[in-house]
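Per-chain numbering from 1; labels A, B, C, D and E assigned in written order.
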């Protein structure tokens, strides 16, 4: 690779990544060289500004045609654009949360790291979103993972944070290893790591032994993805990690990390497996035969997530199980792969991001005011801070999928996707709706605490002022949840910009 | 074919060295058994602790420092894994690779500075 | 020229991988668990390198991939150890079963 | 003799012959170690204005070390009750084997080399790193507080200096474009690398002294504070193997320094090439060993904190800088 | 624009209420009640227009809302969801009923003593939901409004209800959640397979296999969908095995809310069954009619029997609701004009009667703190007027000629007799039982030994309480005497369902 080829690439396509990389490097250096006595708070705003600039640059890239640079290891297709937008936007919200994160002790000494590790994780997800190569994909995945391991344990002296990080590392690295093992088979059989080439190689392979190995590889990779998205059977880490990790990190894990998991999953499935033959004569495609397993996974995930959530008394744990359940809903859409799948996942992720980050914003606020994340501590919130209670209810209702919220439209879209493929999987749809009804109980349970229970006597701690950045997050999330619930056309038409990802699906 | 033999033989030598390296202590110690006396005495088998009776298990908690250095070592050792191939192929890769490597090492250097600033490198 | 068949490497890798997985899932000591994960990652490397030399479609990419794997493994184990240290400082234990203050 | 053999198909016959040759070499090494110890004691004695060993075996104490070894051989073998027995037995082997193994690749002259493998340098670095495991195992297995601390210190120190050591030679690799030690020697036809890479040489020497756990970096076995460090509990021949490993390693390091920086078997000036390469090699090698012994006599032991900080804060950045200065200079000229 | 204004008029009240401080209870009450009035006036206006011969289709509203996917180049209607409101005679009647009952329930809400602000906020949201359900021309919109009733209802029950209201609210939530879940599945299947959610289009497309059909809907699937609809609306209605939640709600919810619940919310089930079940799957509905009849009979008899053995007057009324909904099912099962007309009549008339009775129950409870038959008695002496109204309500409920109940039951049974005389015969038994249990309960309260009065003085009807009593009684009698008031508007609907839809 000489300078000419290097310069011939359209580096503009990587602009958002470069911006994030630059910002995080600068942040890192500033944090290192800044004397310890200065507060690192302002760095948070710097990071936020960086993400904003990256969003703007990504928006300006939308009209750009599908570009691939660096020998097709980095692809900026419509899929990448759309999903990176979600990731960046979600990061913006999470960073705002992080800016106002004041748990009392244990964060100030590492506040600088706190911000730029979010950015490195973000960079990982973005690389994943537009990778055209298995290696890039893997490196992106690991950049995300390793950053989030540290983030989960960023409060060094806080035992729960340590435990969360430890669990996350152990589970995560096992999952990584399994995924990687699967990837090694994929590479071995095709001799390339480029996803497009791999896909076309796989299309031609009718050797049943090879197909068997593809299957093994697929399920091994599925382990890794299912870890990232916290779906059964690799969801066990989620509750503990969500509970123990600092709240902005929890929000990050439940939103951005999960989104990244779905992104990588879609990429792998659509690039490699959709066209791959599923039997010796090539009469069936791989996914046609094997979607059943994903469907089972989805069903189990939904059931476990929703049923176990019923018994939780800690709101972060409850939200963890709820997020497991949401992963199940999204898996439904992947199990019933069709014309709408990418759009569905995009929209649902947006909706999910709004409501979940919003909910965690409130959890964070309450944790700082009452020092507790038990659901009991929300008792009487309506009395002491009605606006907060109503806001929280909106998020919870959206998660439950009550009409008028973005969550409902998302679920509806999943249904449309499920029923518009033939043959439709009615059992899965029924599971989805059934578990949704179960979920009403625990979402409403929190609302009941807020509205009906008398507050604890402890001097009414809830009447705290909400930090300005938290206020921004809350207003964005509430408005988004409601607007996308009532006039989802905004988001859906925006998706139309990407022409249903036709350049991605090919 | 010739090259292949040459290649195999060279590694065979390495194996031979390995065998010898292991054998020598084994043989020496076994032979030594014939020569050395064996007069057991409980006092001989106690652990040395400057003349006092040993107390506690000696597998005490290691200082955290050691782990810190282990972590740093792992990172920089892997860095060299990348430096070596680059250095070997430097002539073919040219200036672009140099710049890339500079970026890479710069990142790791930040890591070193980070450790420095966080007082990880202090041994107290 | 006789050479070891691909399947032998793959089997070796698989055995290593399974050993690692077994250890990672059953061992109590977190350090050992981390080591087992390393074992799994090394199995991957064997796979990659074997495929890159002897696979149906040999190519150098596999070796490049294994370099990435190595560095990622290093980063992972470094982070894992660091977190373990932090945990140990607060908990005085490296037993995975004692990492359970949040379980109800 | 090896030349012909090496092109035949590998087999048991080759193995046997190689084995015999290697055994001869091993005996040679043992001889070297015997007299290296003696010479060290002599040199130290000379520098400290005393005689050193002078009674056993004639005028210069030629059989002093031999007598020492015999004494060790007939000493009772003691393994402490609380020790981790298998590991305790294994540790000296782990320490010794790598030190010997690395010798396989070192080219002593242009035709006197055992294994000419393409990645000789990497092999050397990789294998030599293993010996630290033996040291740590010994410290751990002894179940003795001094040993443990000694072992841990050794580990920390060795891994800390491993990195500058490894990085310092990257400059040489850059200049030669090969990891093969023969190629590296050949590249020094005109200028020795000690001239082209003075910084690397300095780093390499310092780091290798530290790797050898020799004064001024001998903290792991500091007699005055740790009794004897990781081998406190070892006695008799087991202890001897640690000593053996140390001196074999010294041999290897000296040889490596010669190969990498001093042009190996190449003559000082090209008109001097009538003198055989083996002699040149031996000369340069002796100088290196002498310098190392000289260092031991001259410098006081470093403080532990200085030791670590020196490695990370001075040597490592310097090594990195050296790499890039070399690369940029090479790019320019 | 009348329809959207009608439906969303309570929003004005909501906004006003948000501005009012919590402690200004009188003001809250006034604003809350007044906010229900625009809807009532507007629906009355629409009714007048209809009487004057105006076509109802002119009020239809169609606005582009959102779309899934991008199919503009093939078919702009594909997977597009529009904001479509429209009414026909049947829904006009339901709108009228809803807005009337809402106003009356708001007046009756004087009984609510705590946290009026929250109460009225939820109340008004509930009203929007109920009004919207009846005016939606689009399945998805329908579902949205349908669900909009769920959450306020849950809170209204659990917060302002009686002792065990929490349980009642949860069982309400779970049952109705499941019901609406099933409904959602049906709607989504229809939408996904046809690409449209407009009810009128679906009524054309599904039975006849129109052009926009994306995937073939097999007859088996149609049966499946219809049965799912039956379950979904059966929960609301409620049909026999799915009824337990409803008893709890009737007993535990605050009386004004029960008025709305029994008066309107239960009717959504019937409305949906007629609109979608019959409208979209006429053939399948036809072939399932026997089962509907059986279900109807079970409801009728089961409700009646159990109503007979209850001790709590609220339970009596709750079971009577089940029993009366059986008549709706019977009417639907008859599959002819009279039966259908009877079913729709019953829907309206039971709405009015149930509202009246529960209002009275609320008044009784306020005065005596009990609704148990064994503790009440001889009220005719202490509260003669109230007892009189109670008697009127009871008689209306058992179908005394001259009241709305008679008209509806009579027409429904007429229809059933025409096609299925056997079922009608059995059903008639139920009517007798109705008379028995209703009279037992009402007479036990009004006459007999005085029990409560001795404990504390009981006041008769006063102030604002008169209005609901008089209006409801008036309307019941008005319909009973002059059924054409109802008959005219629903005539078109019935005609459509039996001819066009049945194709």
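One rule holds for everything that comes next: a residue touches a chain if its C-beta (ideal position, glycine included) is under 8 Å from a C-beta of that chain, and two chains touch if they have at least 3 such contacts.
The UniProt protein names, listed by chain, are A = NADH-quinone oxidoreductase subunit N; B = NADH-quinone oxidoreductase subunit A; C = NADH-quinone oxidoreductase subunit K; D = NADH-quinone oxidoreductase subunit H; E = NADH-quinone oxidoreductase subunit M.
All figures in this text were calculated on a predicted structure; none of them were measured in a lab.
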Topological distance between chain D and chain E, in contact steps: 3
Set of chains whose contacts include both chain D and chain B: none
Centre-most chain [mean C-alpha coordinates]: A
Pair sharing more residue contacts (C-beta pairs) when A-E is set against B-C: A-E
Separation of chain B from chain E, taking each centre as the mean of its C-alpha atoms, in whole Å: 81
Distance between the centres, which are taken as Cα means, of chain C and chain B, whole angstrom: 19
Centre-of-Cα separation between chain C and chain A, whole angstrom: 25
Geometric centre distance via CA averages, chain E-chain C, whole Å: 64
Residues of chain B whose C-beta touches two or more other chains: 70, 77, 94-95
Numbers and ranges of chain C residues touching at least 2 other chains: 75, 77, 82, 89
All chain pairs that touch each other: A-B, A-C, A-E, B-C, B-D
Sites on chain E touched by chain A in the complex: 64-70, 79, 118, 140, 143-144, 147-148, 150-151, 154-155, 158-159, 166, 170, 173-174, 177-178, 181-182, 184-185, 188-189, 191-193, 214-215
Touch list for chain A against partner chain B, complex: 1-3, 6, 25, 28-29, 32
Sites on chain B touched by chain A in the complex: 93-97, 107, 110, 113-114, 117
Residue ranges of chain A touching chain E (in the complex, touch as defined): 339-340, 343, 397, 402-404, 408-409, 412-413, 415-420, 422, 424, 429-430, 433-434, 436-437, 440-441, 444, 448, 451-452, 487-489, 492-493, 495-496, 499-500
Residue ranges of chain C touching chain A (in the complex, touch as defined): 13, 17, 20-21, 24-25, 30, 33-34, 37, 40-41, 43-44, 47-48, 50-51, 55-59, 61-62, 64-65, 68-69, 72, 75-77, 79-80, 82-84, 86-87, 89-91, 96, 99-104
